[in-house]
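Listed next: structures, encoded as structure tokens.
You will see chain A twice below: alongside chain B first, and alongside chain C after that.
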Partner chain A sequence: MKSRLAISMATIALIIIIAVAVIAGAVYYFLMTKGPAEEFGGVIKIGVTVSLKGKYQREGDLALKGMQVAVKWVNEHGGVVVGGKRYNISLVYYDDESSPDRVPQLYSKLVEEDQVDILLAPYSSTLTKAAAPVAEQYKKVIISHGGASDSIFQQGYKYAVQVLTPATKYLRSIITLLKEQNDPDIKIALIYENTAFSSTVAKGAKEAIQEEGLNLVYEFAYEKGTQDFASIIEEAKAAGANVLLGGGHFQDGVALTQQAWQLGWKLKAIGILVAPTLPDFYETLGDAANGVMAPAQWEIGVKYSPEAAQQLGIEWYGPTNEEYVQMFQDMFGETPDYHATEATAAVLFAVKAIEKAGSLDSDAIRAAASQLDIMTCFGRIKIDPATGIQVAHQMVVIQWQNGEKKIIYPPEAAEANPIYPATNWWER
Partner chain B sequence: MTLMTELLINVTNGLLWGTVLGAVSVGLTLIWGVMKVVNLAHGESILLGSYIVSVLLLFMGVDPMVGMFVALGSGLLLGLTIYWLNLHKIIGHVDVINLRIEMSTLLEMFAVSIILYNLYSFFTRSEPFGIGIWHLGPTSYINIGYMSVQVNHITAAALSLGATFIIYQFIAKTPTGKAIRAVMQDSQAAALVGIDPVKIKMLTTVISIGFTAFSGFLVILYESAVVPSIAYKYAPLAFTIVVLGGLGSIMGSYIAGIIIGGIYGVSKVIFSLLVGKNASDPLALTTAFVILVLTLLFKPEGLFGRKR
Partner chain C sequence: MVNVKEYLERPTFVLIILVLVAIALAKLLRLETTDYLITIMFFIGIAMSLNLIMGFAGYVSFGHTVFLGISGYIFALIVYYNVWLAEMLDTLFGIPIFLVAIVAGGVSALVAFLVGVPVLKLRGAFFAIATIGLDFAALYIVKAFIPIINPEFFGAQIILPAYALAYKNNVFVAMYITFALVLITNYVVRRSRFGMGLLAISEDEDAAEALGVPTRKYKLLAFALSAFFTGMLGAIFGLNAGGVDENLFNLAHTIDMIVMIVIGGIGTVMGPLVGSIIYFILYDTLLVTYPEFNLVILGSIVAVLVLFAPRGIIGIIRGKTIRGKRLRDIIE
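And now, the complex of A and B:
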């Protein structure tokens, strides 16, 4: 009898100990995740227009989803602490129908009626150019996530800031990568579409080539719609070029690469805008696609991480890359692309700037934004204090390697080593 | 936000926008009322002023308060060109404008519209052109209690009132203005008493397009930035307002503009209650055109027009 009593006493004691441990653990966990209990201050409103109809429908839809993921993550991770009070963030958005003539009034409405605290720009440089002056008149900080044009930031706007790499730096990563190969025999041909965007990219590329002390031997700006590059390629070959940089949109990018291949142009490296980032590029070109590089704002496999941030001595903020992709898939059943991720980054940057400012005053937020240097799943973000243009975010470089698109640059994001020179193009 | 505040904000905004709409319609009511020229290039004439002001500011640093006079001047020139190139042969020496003549001028103006639209698209690459951070005075917006208002919107309203007052006085008091009204009422009778109808028709075109280009400055003040397609937002509204105000009546058009602005503000609130904030904007604009249909049905001469 005694022993049975002892056993049941021991069992009860054990149960009590386990129960206490579980409760203590739960309380501890609860306290840890909740953090120090700040008083709830309310909701900080972020205003934006997104293109849910028209030309930018696809990009607009992805951008909105990216923002929603960021809002959810921030609110689940304690929101924003401003002046000792904890705030949640919320998104106020309208559909701008991809039309620049609807943007100004909608932004006025966001400030006047919805009294938002900070603004995000719409997708595309064109729409951003229509929104920025309104933000300026109302003195609201506006964060550009889809406007790569440098000219937005050359108009003296005080409240416009940018999280994505500006157009002039699109090819800079590839040029830096070329420089790092320590190859004395690099002769670059720059062949690009004569449109506002591609010309700006080319202008920046020329500056970068000069800065890195590389050799530009041929340059040509072809008109929009060009499909026959034979004579241009022959000229470039005659000039002795062994590296091809340029392109414009999908069609011409594919045609340029294809004809360079078929005309037997021996190249050490090929860097083409836009086209190679799409899976269709490999499907169309097959083996000719291998070795081709392209710049991208972001790619799904990037390896930005809190550890990489630590190595650079800067702060990490937001979900990790895996966490981000997972959240996006759980919420919307699809994978994010760069249109979504740059929008996510804009929200995270807004939150960080507000937190650092410790106030909702636009001038304080803008001043705080100047001092931020953070890394997110989108990469490193730091703006030029005077103009608001992005200075730290680097284009990642992808390269087709045996039919697979691999991220090869910058080192903190890379998943594979660059193949240089591109064997199939150079040794044929 | 309470419903009351929302209503106040929207009505304030609507009325401010209404003054711009009013000024935009004054030029149209003149050319349409006096000469029966259905100016399909009205939207593009507005844009001329917007672009002149913007380009002068962005590329030459000319203050828009000076630029608006250049806009007015270039509008007068455009008016002169349009009259001699497109209109004179058709309406210069006819006393009674019949349907066939009206259709010819309509087609002429349609051509002008397309030419100008494509020129704008070509030269601006359809990118927004604006006045950026420019504003009058030390601050860019003021707080009036329930909302903040852009100083530019107030400037636009004040300039619109002033300019419309001046052109109204011109038409009502000066001999030229009286001659314009005489031609509007009866071209043949006006000629009999010694008024040169050709001179008056040319003057009316020039003044009408000039004032329209000036109103383009008010549009860019209101919108901050313009793209070519903004012509298709303002021109149809101007036509509605002219019909509502009564063809040829300057005061009528101006007041009708403010009324349309006010109705837009109120219907925005109503529609946002009915269908949600996101969809309220386009629906509220539709209201303006419902009013056009109702006006034509029940009061075809407009609020301030003469019965014919």
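And now, the complex of A and C:
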């Protein structure tokens, strides 16, 4: 009886000791991870319209999920500290139905009724152009994550900033990569679809080719829906071109690559827009796909990391890539794509700008945004102070290598070395 | 001397004044955002513009959104290429916006007139299809030529400079004047000999012709007038959206216009006015509160209305008699 009592007394003592240790540990952990506990200041609201219906439904859905992941991450990691107080962030959103018609009205509502502190732009430049005047009117910073057109940033909007690479820089990464090969014999043919997006890309590519001192020997803009590229390819071959850049959408990108292959065009490098980023590209083309490069805003395997940021001497913010993809999968049961990650980056950029500004005043946030140079899972982000256009984010370049899509550029994101010249295309 | 009392006995007239006063008050007292008011005036306005040809003459112009597009683009091009004008747009209480919109609307009216000469000979579904064809034709012309006119444009998208709409108050004023003009024109036309002629056309065109109604002239005039106002509204709305794009040619606009007219009650001024106010507020509320189901709910409501009240909301009331007065006689 007595010994039993002694055991139970010992057990109770043990439980108390463990409990005290756990509580002490928890308090210690809390203090260590959260730093000096800031007073809770409330919630900072981020306003946006997303396309839940209509032609941008898929992109809108992914963008919303990307924003939600970012919001969750920020709140789980201490929120934002402004003026000594800790704030959580929350997202207020409405459906814009992929049409600019109600965008001004909904953004006004976000500012006046929901009293959001900062805005994210809707998906696409069509919708963004309708939101920018409202942001200007109410003097709210608006962060564009899905409008690759540059023109909005040339219209004098003071509060609009951008986190993704603008269309004019889509091919710049590939052109820089070509330049880095130190090959004196590069003759580029630029063959692209005559649509808004591809023409803008081509215009930027021409500027980049000139800046890098490379040689453009042939240029052709084909009409949308073109399937027969034989005569264009023969002309380019006759001009002596050994590098092919261009494309537009999936179908024409595949057809252009396929016919260049079948016509025996010897090429050192092939850079095609959009099509090669999709798995179907390899499935359709087989060996011809190997060696083909494509630019992308973001890819699932990018190697951006806090270490890479440290090497560049800039700050890292947000989840690491693995953490990000994992969170996205846990929350939504699917993998993120670039539409999602752009939106994630926009939220992270907003938070960082607010934190740096140390206030919720829009002019202070805008000024702080100009000074930011950070790296996130989406890559490096830095804006041009005057126009708000993105200057640091680089397109990642993917290349098909032995049936696998590999990220080859920029170095801080790469998982493989570029194959140059593309052996199967050049030595045949 | 205008007999005020006589006007007050006309419910449609009173309603028009009430709507205009309500919007002005909402703006002055800041009950709603400027953009909300601009948008509601746009949607009610385009329905009332289409009413001139569809409601009165019975001609369903299914491609009517083409005039939003034509005038929107004319407006944007004028502003884009005349920097002095763009810089002036945002001054003088929106008067410059209004004046440029008149020019842009005029182009739509001209197109409607030229196209109307052959197309208004068609009736019923054939007329509707012809106007859809006009919309597609205009859209493809815009898509083909805008990028050629200036490669700086992002495809067919024209983005206007920030200073062209630095103060939405000016856009509001231009929209308000246009909106008031549309409502008043509707009212005046409905009471005129011209309006009676149009109603006769919608009842029985051959009979109207036989009774001496100049049907061709009236139809053309109504179509051009309708296109003119639709165009003006499209031009101002395009400016408010920061510029123009292919969306202006989207047939969804016409569907909105037709639904607003039909649920209100065809053949009157009050019907489409009431219908469009209800439709817009309903649409907006549902979009904000139930973005997942708004179209399902709205579609069901419209289907039920059309099923049980084929003559629209006002159609139900018009059949009634109050204090020996047939409402049909006073609701215009």
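One rule holds for everything that comes next: the second predicted complex is superposed on the first by the 402 of 428 C-alpha atoms of A that agree within 3 Å, B and C clash if a C-alpha of one lies under 4 Å from a C-alpha of the other, contacts with A are read in each partner's own complex, and residues count from 1 in each chain.
Following the convention adopted for this analysis, contacts are C-beta pairs under 8 Å (C-beta built on N, C-alpha and C of every residue); 3 or more make two chains touch, one makes a residue touch a chain.
Remember, predicted model here, so these are calculated numbers, not experimental data.
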Contacts of A:G156 with chain B and chain C, given as first, second, both or neither: both
Partner chain(s) touched by A:K139 [first = chain B, second = chain C, both, neither]: first
Touched partner set for A:A130, first chain B, second chain C, both or neither: both
Contact breadth on chain A, by residue count: chain C or chain B: C
First, second, both or neither for A:K53, with chain B first and chain C second: second
Chain B versus chain C as contact partner of A:E427, first or second or both or neither: neither
Touched partner set for A:K203, first chain B, second chain C, both or neither: second
Chain B versus chain C as contact partner of A:D101, first or second or both or neither: both
Touching partner for A:E39 - first (chain B), second (chain C), both, neither: neither
On chain A, the residue positions that both chain B and chain C contact, one per complex: 94-95, 99-106, 108, 112-113, 125-126, 129-130, 132-134, 136-137, 155-158, 196
Residues of chain C touching chain A in the complex: 33-36, 38-39, 147, 151-157, 159-163, 165-168, 237, 240-243, 245, 247, 250, 252-253, 284, 287-288, 291-292, 294-295
Contact set on chain B toward chain A in their complex: 1, 6, 9-10, 13, 58, 125-128, 130-133, 135, 140-141, 147-152, 223-227, 229-230, 233, 277-278, 281
Interfacial residue positions of chain A with respect to chain B in the complex: 94-95, 99-106, 108, 111-113, 115, 125-126, 129-130, 132-134, 136-139, 155-158, 196
Chain C contact footprint on chain A (complex, rising order): 52-53, 94-95, 97, 99-109, 112-113, 125-126, 129-134, 136-137, 149, 151-152, 155-158, 194-197, 199-200, 203
